[in-house]
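Report on one structure; see the data block that follows.
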Amino acid sequence: MREACGIFGVFGPAGLNAASLIHRGLFALQHRGQESCGIAVNDRGQVRLLKDMGLVSEVIGDDDLHQLQGAAAIGHVRYATTGPGSRENAQPLLTRYSKGILALAHNGNLANTDALRHELEHKGAIFQTSIDSEIIAYLIARHRPDCATVEEAVSRSMRQLRGAYSLLIMSRGKLLAVRDPLGMRPLCLGRIGETVVFASESCALDAVDATFVRDLDPGEIVVADRSGVRSLRTHCGQVPRPCIFEYIYFARPDSCLDSVSVYQARLAAGRLLASQHPVAADLVIGVPDSGNDAALGYSQASGIPFGKGLVKNNYVGRTFIKPSQAQRISAVRIKLNPIRSSVSGKRLVLVDDSIVRGTTSARIVTMLKAAGAAEVHVRISSPPFLWPCYFGTDIPTSEELAAPHHTLEEIRQQIGADSLGFLDPASLAAMLGKPGATYCDACFSGRYPLLSGHVADDDTSDRYLVE
Amino acid sequence: MREACGIFGVFGPAGLNAASLIHRGLFALQHRGQESCGIAVNDRGQVRLLKDMGLVSEVIGDDDLHQLQGAAAIGHVRYATTGPGSRENAQPLLTRYSKGILALAHNGNLANTDALRHELEHKGAIFQTSIDSEIIAYLIARHRPDCATVEEAVSRSMRQLRGAYSLLIMSRGKLLAVRDPLGMRPLCLGRIGETVVFASESCALDAVDATFVRDLDPGEIVVADRSGVRSLRTHCGQVPRPCIFEYIYFARPDSCLDSVSVYQARLAAGRLLASQHPVAADLVIGVPDSGNDAALGYSQASGIPFGKGLVKNNYVGRTFIKPSQAQRISAVRIKLNPIRSSVSGKRLVLVDDSIVRGTTSARIVTMLKAAGAAEVHVRISSPPFLWPCYFGTDIPTSEELAAPHHTLEEIRQQIGADSLGFLDPASLAAMLGKPGATYCDACFSGRYPLLSGHVADDDTSDRYLVE
Amino acid sequence: MREACGIFGVFGPAGLNAASLIHRGLFALQHRGQESCGIAVNDRGQVRLLKDMGLVSEVIGDDDLHQLQGAAAIGHVRYATTGPGSRENAQPLLTRYSKGILALAHNGNLANTDALRHELEHKGAIFQTSIDSEIIAYLIARHRPDCATVEEAVSRSMRQLRGAYSLLIMSRGKLLAVRDPLGMRPLCLGRIGETVVFASESCALDAVDATFVRDLDPGEIVVADRSGVRSLRTHCGQVPRPCIFEYIYFARPDSCLDSVSVYQARLAAGRLLASQHPVAADLVIGVPDSGNDAALGYSQASGIPFGKGLVKNNYVGRTFIKPSQAQRISAVRIKLNPIRSSVSGKRLVLVDDSIVRGTTSARIVTMLKAAGAAEVHVRISSPPFLWPCYFGTDIPTSEELAAPHHTLEEIRQQIGADSLGFLDPASLAAMLGKPGATYCDACFSGRYPLLSGHVADDDTSDRYLVE
Amino acid sequence: MREACGIFGVFGPAGLNAASLIHRGLFALQHRGQESCGIAVNDRGQVRLLKDMGLVSEVIGDDDLHQLQGAAAIGHVRYATTGPGSRENAQPLLTRYSKGILALAHNGNLANTDALRHELEHKGAIFQTSIDSEIIAYLIARHRPDCATVEEAVSRSMRQLRGAYSLLIMSRGKLLAVRDPLGMRPLCLGRIGETVVFASESCALDAVDATFVRDLDPGEIVVADRSGVRSLRTHCGQVPRPCIFEYIYFARPDSCLDSVSVYQARLAAGRLLASQHPVAADLVIGVPDSGNDAALGYSQASGIPFGKGLVKNNYVGRTFIKPSQAQRISAVRIKLNPIRSSVSGKRLVLVDDSIVRGTTSARIVTMLKAAGAAEVHVRISSPPFLWPCYFGTDIPTSEELAAPHHTLEEIRQQIGADSLGFLDPASLAAMLGKPGATYCDACFSGRYPLLSGHVADDDTSDRYLVE
């Protein structure tokens, strides 16, 4: 389960070292992407770029921060498939065009990438990466000569873009923050005195001691330059469809997205789960770390005590060695270990945030029973995955998913649980604490948002984007 | 706050790849030392060594495991002061002596290091490291010619050693596990079929799917060789003094040391704290990760709800940049962030495992109040640090500690808490669930264990080791 | 003194590992560029790219060659200014355009870069690098839809290119080798059985045991594909102007460029120098390694014995530490050392290939005199640098050069020589052994070649390209 | 063909940065060892050590030099067999013993290593490396308590050492330079003002702008401390037996060893070869770089013109990839390339310094003939290798050598030469320009020096050390 990216931007007064703020902000967003990261800094019109494969702590060193002087900057963390060529795809993307420099950082996924790419190629474009940012940069570059400002060129480009995008765009004199018309990916605005800060999640504003100002509205373009901060709302006004999975899994619990606390949403999911799938048990435990908050909610609503039943090894990271299937099996063993004294003889409620293939759940249930658990009742704080996502959530193909191919009872048997319950999709608005809330839950429901914007010329059909 | 080391050993039948078991075992012990690690493998009498600065995942790669063939092996993880020269101090130590090869891995700290070193130097020894293992290797090498077996030489050497030591010693044909006569550091024995496994903590046995057999007795020497496993108990029989801080801080909660579950001890500490220092409050939260278990115990005993109030950034590791004090202040900010929606308006009980200098606690209290907490009542699941440790726990010097120099009220004011309570030292046995348990709590009480063993010839005075 | 690049290409039958040939070829061309290198391999239509800062031995490893399967490939070595952003400029450049994949490797320098870049930017292009290859790729991409073949698109693009370029262009099914109409940079064709090989210098053909076939003609496009090898000569027929400095400095002495042996040209330069600037002396020595061949020629013509007077330290490379000017001074001391027994008491002729700033020459003369040399007569096997080069030779700006600002006598005094002589510019054709040879010697003469080709639309003036 | 090591030492007044001099000195000695290097610096009694696998430029960085403050230091470069464990064998060796600190750097090879090691082990020593320095440190440590000074302990230790050793020994307050009683390995003394410098070769004195003072006498101990420099000559007076191969191959041509210029010795070898093995030919060429000097001497004596026939690729270093025998064959092809225009049609004299297996010579002759050479007459500027070396020259085992198993005619046929001649062993003194010179030529003659010194107690027989 992967998210596309996290972005962070700073526009401050002359003399500010924007890079050190970006560095701290990217640390706070590292959970959104660990494959590569980068930073582009604007030093009075001259832009320097540093990006590479690796964690923020590996790529951006102390010396780098000294060299990356400049009062405006954007940064990016990326989680993507590995393999040759991925280094080319690290962001920000830095390009030169007719009006000077353009640096872009993008979180999300366009749905009409192929159509836009083909259209641009037929007009003579060459592509050096496979990231959406390069397409967006081309669109801006093509509109720019006909526009008075870069924000107008961005606005025109947005008519062609379909899908999920939160963008930071840095030109020689401006920093633009853009959120797609459906607000599918989060983006918020903060301040440190005169300095303007943008971040994918509010926890990154906290990390730089910035004051949270507000979330960007879906479709909004915020422009920061020497004359201040202003908003373009041409593309605003549609019914928002923010990704519900940000609350369930992606975002950090200390973030608040579109006025909803991620932590409170997870507690609420656990409480709803307790009322929808009650069971007689002795102890509620979560699969660490992501299942713990919903487990606590389940405990609160059910009155069954909350405890710790599994310990996670924090040192098992990207680099642990898994050459063969045999070793992959034992990787779960190394990553998670039951506390025998806690679970032995107990009827357990085990709360996790989702089931993808079901194999990890099966191994955890087996471990707990081997450690003496009398019963294991699995509760999942989200509905079953049934549909693919085209907007940046890397759900496995339908063939690999457990839910589309099996009944609930078959999955229960497969994972060896004594009972199994998923969150009712109808209760997602209640989870957010906003009864009439709209959101994108296409991965659970198949109800994909109708994407606005002018499509590319030859994009006459788009089979998957139906409501 | 640091521990010296973790050790792991394997003695198996011909054909076993002991290194891959060591690799998994060291992963599970990584929390005991992150500075350097190493592995020595015995391939039918030929011993190969791999060690370097860094985490297990950084030092031991896939290719290494293929090259490190052999059915017996020992491994080590180390946490120590940094600086030039530390690479020389990585373990295991591999030496050649009159009877062949000797590889050693040591957890703990000798108290008569200087005396032993001087005595050996006067007999012509040269030292290339500053680790105790080198001294121990010399003692064994000197006794060996007068002894029929290596275990006899080890036993004679133990008469000279004073302090805390859990040892793994690998010779050409044997693997020895040794625990000091007071059992200050943990060491346990497990099995995977015919294969014998030794580990600092039982969680590492779990990681290799070994069955826990038993803890070594204080003073015991266990010898594994082709003819089986046997025990030498010459040094057994003293009143054990295991380090109480293993339960409070060092060990993993899923470990069981000397028949006491670390998790249950931490829950008990929280419950005792609730009865010793009750307070009217709305929410109990822990300082993650180490304060969470005692916080849950406090909640259980007090009836005040347990919740999450602080989120820890798992990506802030050894490599985060802290060039100046200014940035160190903000490092806490990046590492921990309050959940505003959780703590705002609440009277909080904040549980942590210890207070060293008090500066981190002060910052956390400040953050929580800035996030809207109405009151913050700090509860510490251990007694105040008052005395230095000579056995491997790296407590700062007395000058740096808060407790020896301030009253409880002064510390409370310094950290900005509304109230402050430490665990009563008299309840440590209750914490272990063993009313008559003996242990070393010298860092809290100043009651240092009387160290057995013949002292080195010129070690006529030893000012700090008095009961 | 730097050259832009070296290029190497392979087109072979299915099953060939082209990458391993590229690897060996780039080794042989490493003297043409040490900053970065790269390789692009075509595996039945799928192109993989590996490039990075560093030497061939650092960037391309054994595992890489196994992964870079494919029967066609191009490679590049680059010498360029260091600093942030240079990694983006490593070659080959790999792009996707309307007709698929295009990989380019370029040696030389365009003279109308800015005009072409501006023209493309006004049509909506974005640039991610500062290398000419990106401009060339755009031109080809724009012409391609109107052309039947990629070679036709290349041919049309050549009408817009002005300057020095030897190119390798790899499409999904073809490998194209291109030499600019003046033949300013070298490029030759070889064969290993069915396999076609292209290289900047013939020494790289030797390194892969290829048979030299011929140099490409100026303006020629050679196309290799499954149906064989063919030549397009649309742009052929101009008076060639190959760079004379290839013979004096850049090329390896074992290469033969446009039918002239580099070694023989250097011997000839020394012989001409002896006749133009004779002197009574005891020993002729060269500044290693580049001055040795001309020194031998001087000895042959003058009858003065040849010997070794200076030893070069082969381990002083890019990584030697030069933090301050003080240490830079001693760097020459470490790089070169006189043989006292060889030079002491002798009247020396010291032969070098060029004088740039004069500081290195001054230090060498000082060293030789300190080692006891009675006289040092400096002879330079090229004329003085007076004009900038726009075609890829990185001659320092006129301000830094010694020759444009000083008389011969002033330079002689500055370097402390007893006499000083440069090669007469009028003898360059004689040096090549071709009396009527044409070449580019603009850096000595200021006679820049009149560049052919249609200029970019807005390129109405080009101040420096006058004959 | 490998040498053991190069050593460099500095003892200067307070405030000197000795490390930066060591750094430059080791650069100049890098040809004597490329596997590992290291430096130990004495900062008013505190010694810091830096050593690792790799070249000086890779191991010792700019920051290191800043941190390695101190006015006295020793350094080492090492060429040794690769494989696991070699990092432990990097030098200098830093040990602590009864009188404080001892750092050692050693060039050469002891002949009674095993006997000394066994004797020490039986007295309780443990060994962590396989280098002679560790044995020497033990001997000094054992003698030290009975001696008034460290130099006396060194002197007593020398009675036990048999073989080749040039040593630098740094204690808290002194720097000792030691040369074995036969002077088998070179060591010289220089000065920069007050600062005393020791180096394996005089070229390293040049690199730090030191004045050459003199070579150490065989058996001499030079002591530098705050009170000045003095000499202990207890072990002096034997007939010296310096290694003749230093002149033929190891040393740099700009060095002067024991008053003989290496360059002049090589010229002389070439001249002697011309008189011993004359031939009618058109051109004399050397195998670069080591054969060039003798080739020039051959040309001088024979009157046959000297020229360049082979070009060496300077970028083929340790890291070039040679996974299989097939690629090893082509490695010679990449490393050396003939200049066709130079050799074609010519009768060549090809001069090299030695023949080991004969395979490389065979490939070079084949290449030259393929490039058109009419005849190739091979001349070797040393006698044939017939015997093993026990003093640090890594000559292959007798089984691998060509000379002990084949007649001259067989070797000639094997390498495909038209004629073959080796230097007459009787002319080695003439080569040195010292008619009565004594030296060690055991690898050619089998006349091993009778090693002085008291042997270790149980060293009753020593089969190979007979005169």
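By letter and in written order, the chains are A, B, C and D; residue numbering begins at 1 in each of them.
Everything that follows uses one rule, which is that a contact is a pair of C-beta atoms (placed from the backbone, for glycine too) under 8 Å apart; a residue touches a chain by one contact, two chains touch by 3 or more.
As the structure is a prediction and not an experimental result, all values here were calculated from the model.
Chain centres here are means of the Cα atoms, and by that rule the chain farthest away from chain B is C. Each chain gets one centre point, the mean of its Cα atoms, and the points for chain B and chain D are 48 Å apart. With centres defined as mean CA coordinates, chain D is found 37 Å away from chain C.
Once the centre of each chain is set as its mean CA position, chain B and chain C turn out to be 61 Å apart. Residue positions of chain A touching 2 or more other chains: there are none. By the contact rule set out at the top, the touching chain pairs are A-B, A-C, B-D, C-D. The touching residues of chain C, counted against chain D in their complex, run 23-24, 27-28, 30-31, 34, 55-58, 61-62, 65, 203, 206-207, 209, 252-254, 256, 261, 263-264, 289, 292-293, 296, 300, 305-308, 311, 313-317, 319-321, 323, 330, 333-334, 337-342.
In the complex of the two chains, the chain A residues touching chain C come out as 48-50, 67, 84-85, 88, 93-98, 102, 118, 121-128, 134, 137-138, 141-142, 145.
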